Amino acid sequence: MVGGGQGAFIGAVHRIAARIDDQYELVAGALSSNPERAQSSGAALHLAPERSYSDYREMARAESQRPDGIEAVAIVTPNYLHAPVATAFMEAGIHVICDKPLAISLAEGRQLAALAKQKNLLFALTHTYSGYPLLRHARAMVEAGEIGELRLVQVEYSQDWLAEAIAAGGMSEGNWHNDPQKAGPGGVLLDVGVHAYHLAQFVSGQTPQQLLAELSTFVPNRTLDDHVQVMLRYANGAKGTLWASQVATGCENTVRLRLFGSKAQLDFDQEQPNELWFTPQGGNRQRLRPGRVDSRAAAHATRVPAGHPEGYLEAFAQLYLDAAIAIRALQAGQPVPPEASWLPTVEAGVDGLAFAEAVLRSHASGAQWTTVEGAQAG
Amino acid sequence: MVGGGQGAFIGAVHRIAARIDDQYELVAGALSSNPERAQSSGAALHLAPERSYSDYREMARAESQRPDGIEAVAIVTPNYLHAPVATAFMEAGIHVICDKPLAISLAEGRQLAALAKQKNLLFALTHTYSGYPLLRHARAMVEAGEIGELRLVQVEYSQDWLAEAIAAGGMSEGNWHNDPQKAGPGGVLLDVGVHAYHLAQFVSGQTPQQLLAELSTFVPNRTLDDHVQVMLRYANGAKGTLWASQVATGCENTVRLRLFGSKAQLDFDQEQPNELWFTPQGGNRQRLRPGRVDSRAAAHATRVPAGHPEGYLEAFAQLYLDAAIAIRALQAGQPVPPEASWLPTVEAGVDGLAFAEAVLRSHASGAQWTTVEGAQAG
Amino acid sequence: MVGGGQGAFIGAVHRIAARIDDQYELVAGALSSNPERAQSSGAALHLAPERSYSDYREMARAESQRPDGIEAVAIVTPNYLHAPVATAFMEAGIHVICDKPLAISLAEGRQLAALAKQKNLLFALTHTYSGYPLLRHARAMVEAGEIGELRLVQVEYSQDWLAEAIAAGGMSEGNWHNDPQKAGPGGVLLDVGVHAYHLAQFVSGQTPQQLLAELSTFVPNRTLDDHVQVMLRYANGAKGTLWASQVATGCENTVRLRLFGSKAQLDFDQEQPNELWFTPQGGNRQRLRPGRVDSRAAAHATRVPAGHPEGYLEAFAQLYLDAAIAIRALQAGQPVPPEASWLPTVEAGVDGLAFAEAVLRSHASGAQWTTVEGAQAG
Amino acid sequence: MVGGGQGAFIGAVHRIAARIDDQYELVAGALSSNPERAQSSGAALHLAPERSYSDYREMARAESQRPDGIEAVAIVTPNYLHAPVATAFMEAGIHVICDKPLAISLAEGRQLAALAKQKNLLFALTHTYSGYPLLRHARAMVEAGEIGELRLVQVEYSQDWLAEAIAAGGMSEGNWHNDPQKAGPGGVLLDVGVHAYHLAQFVSGQTPQQLLAELSTFVPNRTLDDHVQVMLRYANGAKGTLWASQVATGCENTVRLRLFGSKAQLDFDQEQPNELWFTPQGGNRQRLRPGRVDSRAAAHATRVPAGHPEGYLEAFAQLYLDAAIAIRALQAGQPVPPEASWLPTVEAGVDGLAFAEAVLRSHASGAQWTTVEGAQAG
């Protein structure tokens, strides 16, 4: 693991996710660039002292030379380090599991994709929501034609944790999320906008051709955007709206996707992840549940019997499980089995950065329709 | 009543609404332009034969000369007749209660507003949703500053009744909703888009300055739009999204408004009209109910004790009740009492047409930001 | 109308309900036994002075002798007057629409049933909830075998309006609901317990053979019960639980019925009356809506298009509409048409009193299993 | 771990739960009494071959003599083995984490409690639902007096997995749940009834003094009960109803608890475990969420940020975490810290068996009021 030392947030989530299905053991880390904190964080996680590094380059080099060196690295640093850290480990022949966004520019992202391909390494990107069994089932339904031809996409990601002025405690002064050098050129856009975009793409199987966007910053003294609204146009004529906000007062973490096809509607909100609402045209809403759908896709992502809710950590664990399956397949020179092939990878990350780059261009043009470059389903 | 003969839909709803609070008696009508159907429809409603007209101009003339002539007329015709019918009755000194949209062009709407003002007549416009007690309460909360400064408006009006091809039965061949001569230049835009717009305006108290819009038509052989997406910019910097659709597969009649202010969020969906969700920034959602809020605005629009749900017909009745109160005040030369002053009138209709006209211009320009002309709160 | 003068509560609800479908005109009343209040209440409702009575016996006599005398009377008095008032009007050959409970003893109830039969008069009992379209649909589903063999009945009626001490304002000092002379021998039992019982019987089509019950009184200085718990045994082996409470803190007016059959479950709560939840064994919940079920029973009780919620007043109106249909049929010497035959009548009232009487006996015996006397589906 | 070999169900859940918070390592097991399956199951879980036992007595003996022997054992066998297995390990000085029910008789349960006390060992009982953060918060609210004096308890545990005939696949022929020798004298009663009972006790802090119960068996050829209904009387005058069913058609795993106090209501359903509904008397419902309550009790049981749902496995993990905290305290000769002291232990198990034994007696008496023996809060 790189990043995730004491006081960090997402690192602990990754560690729980990696443990749940018992496919990983944490044996080495560059948990902090501060040597003392790296050591103490490592000790708290029972790392051998000599495998607690303070420099990720040193870690990549040393681990690749050990006979018991790590097989995969989890990258949980601030955004701007994703690309250099991932590059260092891929150069050393080590598989990568990276938090989103993939990188802070589309160019960087493309380089990562090229390197992963060249080295034949797995590059998993933790778009967590795609690990929920019912989103897997939703995708399977779309693929099976159960909603018909796609017409409308409505996706939103709304939070309120940045709704208050920085001084009032919404975000601490030096938080890297507010620093374009570390977070990249988008605030809410890169933090959660790319999640929303991936979700729509993951389930619908379609990538918009054009978009039109406006970024806003509501809270004074904030450097980056805290709200984004986007209109989407798809190749088949479908239309969409995406909005993401960290000033959506009163919202904890609404991540809602609705797809309207010519035959049916699907509706999912990750705050109730054990429910997927399916409504046939002109019909009654049905509440699908993981234990009540006859679905290989959902079953693969479910650990408990019907009626026992799973949550965010299990969705996260699903990505780690799929990554383990994929890594073993690559190590054996075999194709990734179908059930693990929906794992978001570096290609999904490139798509997300293409989206973000198009949003920034559209916004700069005063919300003109803008082509999404070379987008491809992830 | 003009329109609403046998086989018509909204006329019967108006009649029930008028009866609920016992303020109206139906005594005359031009229920159909077909003389036979006008007579038989009138007979079915117990109208005296001589007060069952087949020409609305004749009705306006005759009723204005009777000592017991009607005090107010309800107009429930296809859209293109709203303006000429309302004009005829106002010229005859008769108050008007008109279904939405006000008219089929902004120019027409402005003439109606001018005439109503000149004649000092009530011109009520049945934007039904504004009759719900909890939307009244929501407006009162906004006015009292309970959500703080407005930041985001999210409003949607989604139905699926036109999601199927005309031939497949979505809409009958000769339905006037698909005829621009009768419906006006907007399909979903004038049919329900103006409802959504009014709702946002009614509760927030704000009118957008600019909008950007795209109309779509998904179903083959349809003349008018069946889907519209709009971005909104408000004078205070607030942003918004409005979408209205009659191809929203699986939606019956979702009319959902969310307002996010600096202090709190309000969330309402008319399919559950006895619930208004209030969430303070960083806090827990609260389900407000008509019988559980301490609110003069809600109490004025409530007929039953706590826990007994009211619905669409009662909301509609509320507009009729408020119109009766307003008409009596005008007849007495007195100001309309505050509790009835939230009744949507011809000014709200003009605002709605200004919105529609701006949407049409923006769409024609390829979704450019477009100024909403002379908009004013209704 | 007898009862329902100024300050009364349920009378106004009956009057709105009677108006909605335009089948009734209020022309006479004994709105109060106080002559002055009777006159002023009548004047407020536009009654002719000579048809505003202060004695219901006088009203029955006088109206039965007028050529334009009333066809039906609505009884909205305190419970103890239901039987004498209904008797007086039936003796005069006038149809009766009576609020629940039918009477304050089983013996009284049986006399009313016998008299109605002998006189061939309609005796409608306003168990309002049976007017909801989705409860009609639920009954149709049960009759059609869609839930299979009935196994479990869970019904509850919970309110909190009596949860506070009388002195604290829960109920005014002299409220007749707390006076056994006027309310009868049951508090919550006769006030809402009989509603819950009727609801289960109405939808399931079954009447319990035995019950076991405990009454409780939580609030000091209350004379009658404010909480009742009952276990039910049905002839076919089905089991049930019924509870009704007016000290269910935080509940407005929950009236929830769940039926579990060998094939499926039905679930209804009148606070969301536009939803009926149907779940097949082992399957997913489906939210049925009035406009989305293919049901003659529901269509007969629906006035508005899909997605426009109806509520308590429309359910109440449905009983008035069915009563009008039934009265016309009786007047014409014809059978009541099937669509109006689900109207609760005096037989349902007798069943409810048999239930109440069994509860009182079981409670007095320390919660022994007790036979429900001569119960029959209503 | 004893039990939980290949093909077993709850063992895998325990193992995930133990891993989540990284406090346990699985190093030994008697996963099956079949030596071959014990070895292969152990190998699949990476146990050293010599620590994969086929006899739990041998395992207790051997592990207690190893310097690196296990500190605690998880017991996930059929019910009838809980007592002998737990006894063997406690005799060997090893802490116990045992699935429910504690044992198959009250006498057995009391012996286990006595032995745990004598040996000063932790005996944790996995009443999973008590690990949910919002049930911890609910208990804290009750303790703080926020609902006032307890009046009503409504608790239900309903499933449909046994609603179909055994032959039809509801339960396999030889399933031990249908064998009184292995399951004990109660079917649904011991399987999930004790969960419901514990839940009510855990949150309310009160134990009923008397109960009245009826067991039912709906499905042919079933030996044990599949439905139980119970009325409860508490020392302070509060009343309650508990029902548990495995023939509740269409229910996956509803575990709903409602407490009504003189001041407020609490409402929880484990199918939506990230919501606790709080309603003050006469007020509006509030949806409390783990990340939005200011609560040490909830924070102790939460791993993720606001808006990220946790589920059943995290609740289960919470019991393992609390057990680890408690075991370390006992090993250090210190008191269990307050935050881990709500862990259900052998005393809760004794209470549950006292409940079950009273239910069986009441049922045998034809549903007479029956005293719950020596019940004490767990």
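All chains are identified by letter, namely A, B, C and D, in their written order; residue positions are counted from 1 within each chain.
In this text, a residue touches a chain if its C-beta (ideal position, glycine included) is under 8 Å from a C-beta of that chain, and two chains touch if they have at least 3 such contacts.
Please read all numbers here as calculations on a predicted model, not as lab measurements.
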Key: Interface residue overlap between copies chain A and chain B, same or different (over half shared)   = same
Query = Superposing the C-alpha atoms of chain C on chain D takes a rotation of how many degrees, nearest 5?
reply = 180
Ask   = Which pair, B-D or B-C, has more C-beta contacts?
value = B-C
Separation of mean Cα positions, chain B and chain A [Å, integer] = 43
Key: Euclidean distance of C-alpha centroids - chain B vs chain D, Å   = 55
Inquiry  = Need the CA-centroid distance for the pair chain B / chain C, whole Å please.
reply    = 36
Remark   = Touching at least 2 other chains, the residues of chain D are 251, 282-283, 285, 289, 292
Key: For the chain D and chain C complex, residues of the former touching the latter   = 147-148, 151-152, 154, 160, 163-164, 212, 214, 216, 218, 227, 229, 231, 237, 239, 241, 243, 245, 247-251, 260-265, 279-283, 285, 366-367, 369
Query = If you look only at chain B, which of its residues touch chain D in the complex?
reply = 282-289, 292-293
Of chain A, residues touching chain D in the complex = 9, 12-13, 15-16, 19-22, 159, 161, 251-254, 270-274, 289, 291-292, 303-314
